[in-house]
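Same chain, two partners: chain A is paired with chain B first, then with chain C.
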Partner chain A sequence: MAAPFDTPVLGDVTERGIPALKAGAMAGSKPYVAAAAHQEPLGFPGVLEDGWEKKAIGHMGELLGKYRSLQVFMDICVKCGACTDKCHFFLGTSDPKNMPVARADLFRSVYRRYFTAAGKLAPGLVGAREMNKETLDEWFNYFHQCSQCRRCSVFCPYGIDTAEISMAARDIMDAIGQGQKYCNEIIGKVHRIGNNLGLPPPALLDTLEGLEEDMEADTGVAVKMPIDVHGAEVLLVTPSADFFAEPHVLGLIGYAKVFHAAGTSWTLSTKASEAGNFGMFIGNYEQMRKISLRIREAALELGVKRIIFGECGHAWRVAYSFLNTLAGPWDFLDPRYPVPQHILEFTNDLISRKGIKLDKSGNDGMVLTVHDSCNVARGARMGDKPGGQFTIPRDVIRASVPKFVDMHPDTICDKTFCCGGGGGLLTDELIELRVKGSVPRMEALKAVVEQDGVTHMAAMCAICKAQFTKILPYFGHDREMVVSVHQLVSNAIVLGDND
Partner chain B sequence: MAYTSNGATIEADEEGYLINITEWDEGLADQIAKDEGITMSPEHWEVVNFLREYYSEYQIAPAVRVLTKAIAKKMGPDKGNNKYLYELFPYGPGKQACKIAGLPKPTGCV
Partner chain C sequence: MGGVVTTFFAILFTVATLVLVVGLGLRIARYARTPAPLKIPTTPAPLTRPGVAFRLAREAVGFESLFRANKPLWIFAALFHFGLAVVLIRHARYFETEVGPLVALVQPLALYAGLAMVAGLTLLLARRVMIERIRYITGRSDILMLLLLLGIGTTGLAMNGLVHTDIVAVKAFFTGLLGLEIRPLPADPLLVVHLLLVAALMLVFPFSKLLHAPGLFFSPTRNQTDNPREHRHLCDWAAKLEDRKS
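Moving on, here comes the complex of A and B:
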């Protein structure tokens, strides 16, 4: 259990300053190291073995050769300082090592020592650093205080992407036997059981049956949760948290009602019962590919025509930006539809051409705002227009609720702040980091609650939903203040027989 | 970490979840609950027993909604909700109740 800590006092979102530095404030924050039982099934060494230092540098060299971006990020930083106050973890913890430039320099200092002439000849003069246990420990702690949200890269005049540096660092640590328990245990479950939760098919079937009963009891309409249906038009790939947790499951119910109302045949899959792809968080291309290939196999086996992703932030980044490379070509799918599509895109399209009917009174009394998920906002797009990832979720929410307001412009769309739990940090031992990292979002939320009477915040990512459920009570809010976007659709949708 | 129960050492992971779930017994559950600041009442046992039954059938803890429905059936509709379960297990019915029931921690985005 994590040590007690003080919940930060929230400031004014319109007057956010650079916090007074507290050096070493988060030096002790780290996730659990993965045990051999969680490392070895992924092909990583179980523990640090003799000679790991050399192996780490060798792996760094490989990554620098493979990813030109990483090489450029190492050489191009001019220390302008534009990124320093853009990271939620720095703003929430005041630890200067959580400034993006400082985080990147953890990697860069080792790069300099082994890959530049100056660093080889006079390391002390150029801030070059040996790869040793002390360096590794600092890497482990601070590369697990980055949620790979990429907000800093929006403000970097050179476009340095700290997320990519964090991913590379984590990949190196896995390769030498110092992985992170949370991510690697979960990836193991995806390979062994099919999803992050470790929900075996019989449990999944039982859960879905229960949901069908609930929906029929609530609406009087037999809305289905089909699974492994051959020849269905749409394969829905959604985070396994949608089957398990609240408010996630209310979103899943929303998807089912939309498919029902639109008359679209759809199916879930026991094989691809997970949209999430933690291979990205650990920066491991092979894992990312293996996890993605399950979706291809499921789509082929079931003979579907389209693939739609449920509300999951990083899954959508992998799906939208990388899926074709990882698991394509998708020439067996219906070419009239984008591969893949987002459920919000699907629902929004139906709303705009009146394919489904919404009655806002289903959400009476609610005033909504929306939290843009980092990987949706900065790692992908949605629909066929630039900025669709911002307008589509808002259009769906507006169509479903009586009142919607946005939070402060510095905290939404491409400038959105991470929820504080992204990038493989949604684990209990990091709760202090998660609470502190949520401060910028909580400040912006507080402002709209006070000024506009906001009652609920919609999220479109399983991690954001779980993180907010956990941390909202620290700031005096009800945990049920966070809702799924499709939960709102679910409350508003008019099902045929109910008309 | 590890627990001591009836003179035997019972291995647990860093957070106190049992490594070998067959080593669980009711005395150990009381002890884990105490470490979590919980005194086991008949209501707590209803939840823990249901989790164990479900786990033995499905090899996973039930989804939150499955749990609330089962509790509503057993203890009355006023108790079949998240709020009541959080009153019993303030750190979250999923994780805290699983730990006391000797089951693995639910993982993922939950």
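Moving on, here comes the complex of A and C:
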């Protein structure tokens, strides 16, 4: 599947070149189609069945009536092109259909054909298009070249968010039997086993025990990794990658040390052993809700007072922005704390109250920069002020490391670029897309490595961490260059002598 | 001849006004009625309603996001839209017997505003032809819309600066129409073309991308407050899912 390709040559971040168009450059890039075994457990048809065209249009009509975003975005784009040079996938691939407006037009052209007077009367004039196999194939390819990062929505004068359109397109494709294997298989695992990786409870318990032993051997302090503990104060919900992959697991160790040092009782849950919610990637409200309700059930069963989320980008968007809607109200939890909280909010609060002590020498020799995860940056917040999602991670990193520098201002905070693997694209058959989509980030990283001697890049998202671990070597970096934010906290935290 | 033109335009403008008002009303009603099930403001976003009103005002008056996105385009857009705004305010004099203070204020700017509008439109059109990626996303309707507005602008300017029409009569015609009374309209060719194109603009408005003007205020990424943890946001159809035992 994944044909060989050339690793792109990185340009200069300060020049921000806009590539000349290469039509069809990524026309062949597509993920595996979900098999019936992945579709049916989610209530989707197993394969495309006769009459799918009509069903797709019917479903489109339903979504237009249910989502104001979709309805308004379909009508109001003026084709100004302000978004055209903002998508990392366009910048990295030069394929014009990866310009956000062109991507959205794949959907809009069908909308116009079936839902607008102009499209019915003069299809050629307004670029209206039939729903047929050719259209569907283009949808499948290009709506799986969008990581739902929302960068386009920052720059569009009306906030048109192509992510919303990609989600709607994927939902329609699921509803007619052409889902994406990667996402749907994973959602099936969450329902069946409890997490994206399909780690069953015994394996999870085993892993945590091993980690406790490692930590004690390392620090001489008995830091615990509690799971399914009734009556704990905090339920920690974290991406399952934190249980075994590096650098994720080093972050998990960081959370555990922070809880230990703060003296806060906490627990993980086997039922809610996954923070990620792929229901968002496939644009399916009911799936998103079902996945979220596991967290509610776990919180009720364990009788916790607070819910805290570990480092994960899209997960934090669903948690921060949607969890109250999907699985609230949270009136059974302690009203003094926001629901849910981010682990970085928790740690930052402790740092500023001097509730934990950090010793920067634990990270001696490291020069850090930070990659703002797209969905944390543009789809959520931390703390009580707008933009806390930028200051809080930086404050925590600065408190933990000797030197920190930011990357080019056009590539951080709400202008951050996606890592190239978000939104359900973190799958091997899309590796070319992922490498090329990471180019804008890699260019910015290269600049700080060369100018400021940056040695490591901190990330606060399981997808970013996995993506960079895989992609960094393509650009001549060590895969361990990407670190968890709480890995830095873990290295710096002073355990034991906290009263 | 004059009589035919008058009757034709009386009918045309009555129809165009109805289409514009009803069409736009229905569209806006649809936007207002369609629920926004999830909180999706593009963050950082304001935490309060007044904050949101200020954000929308900055977008509508200053094209804030566009400014961050593309400076040349922002200049072209500002030339066109601010020119258009001033021109439209001044045009109120064709519809009210007493000229209001705002109209009096912009009165001397008319020519410059008209020129700015046409210059902006020309630059926007040039962009569509010259820049490869903008050409790629441009459809025929996008070009036609610019040509339509350019046609309105240039005929208007020609009347303002070159071949004057009888403004008092134009005003009499339109104020008369508002009172459902038909008074003669001058049959000057420039005016006829100007008004034909204006009617066309009114007719396509509710069915075209010109919906961006009202649409901006309904865009959930711009008009929502960022307070999902404090206030539970639940739309009707999502609330129904909760009644069903899951």
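Here is the rule we go by: the second predicted complex is superposed on the first by the 495 of 499 C-alpha atoms of A that agree within 3 Å, B and C clash if a C-alpha of one lies under 4 Å from a C-alpha of the other, contacts with A are read in each partner's own complex, and residues count from 1 in each chain.
Everything below uses one rule, namely that a contact is a pair of C-beta atoms (placed from the backbone, for glycine too) under 8 Å apart; a residue touches a chain by one contact, two chains touch by 3 or more.
Only a predicted model underlies this, so the values are computations on that prediction, with no experimental measurement involved.
Chemist: Looking at the overlay, what does A:Asp171 touch: chain B (first), chain C (second), both, or neither?
Modeler: Neither partner.
Chemist: In the superposed arrangement, does A:Ile186 touch chain B (first), chain C (second), both or neither?
Modeler: In the superposition, A:Ile186 contacts chain B only.
Chemist: More residues of chain A in touch with chain C or with chain B?
Modeler: Result: the larger residue contact count on chain A belongs to C.
Chemist: Tell me which partner A:Asp206 touches in the superposition: chain B (first), chain C (second), both or neither.
Modeler: first
Chemist: Per the contact definition in the header, classify A:Glu345: touching chain B only (first), chain C only (second), both, or neither.
Modeler: neither
Chemist: Can A:Glu311 be said to touch chain B (first), chain C (second), both, or neither?
Modeler: A:Glu311 sits against neither chain B nor chain C.
Chemist: Once chain A of both complexes is superposed, is A:Gly276 in touch with chain B (first), chain C (second), both, or neither?
Modeler: Only chain B is touched by A:Gly276; chain C is not.
Chemist: Which partner does A:Glu246 contact after superposing on A: first (chain B), second (chain C), both, neither?
Modeler: A:Glu246 sits against chain B, while chain C stays out of touch.
Chemist: What residues on chain A touch chain B, complex-wise?
Modeler: Those residues of chain A that touch chain B are 1, 32, 181-182, 185-186, 189, 195-200, 202-203, 206-207, 210-211, 214, 239-241, 243-246, 248-249, 276, 312, 426, 428-429, 462-463, 465-466, 470, 479-480.
Chemist: Along chain A, where are the residues that touch chain C in the complex?
Modeler: Contacts found on chain A: 18, 20-21, 64-69, 71-73, 75-86, 96, 99, 101-102, 105, 116-118, 124-127, 150, 153-161, 164, 285-286, 289-290, 293, 320-325, 328-329, 338-340, 377-381, 386-387, 389-390, 414.
Chemist: Applying the document's contact rule, which stretches of chain C touch chain A when the two form their complex?
Modeler: Within the complex, chain C contacts chain A at residues 27, 30-31, 34-40, 42-47, 59, 63, 65-66, 68-70, 73, 77, 127, 131-134, 136-142, 144, 207-209, 211-212, 215-216, 218-222, 226, 228-234, 237-238, 241, 246.
Chemist: Can you check the complex and tell me which residues of chain B touch chain A?
Modeler: My answer: residues 14-16, 58-60, 62-66, 69, 82, 86, 92, 94-95, 104, 106-110.
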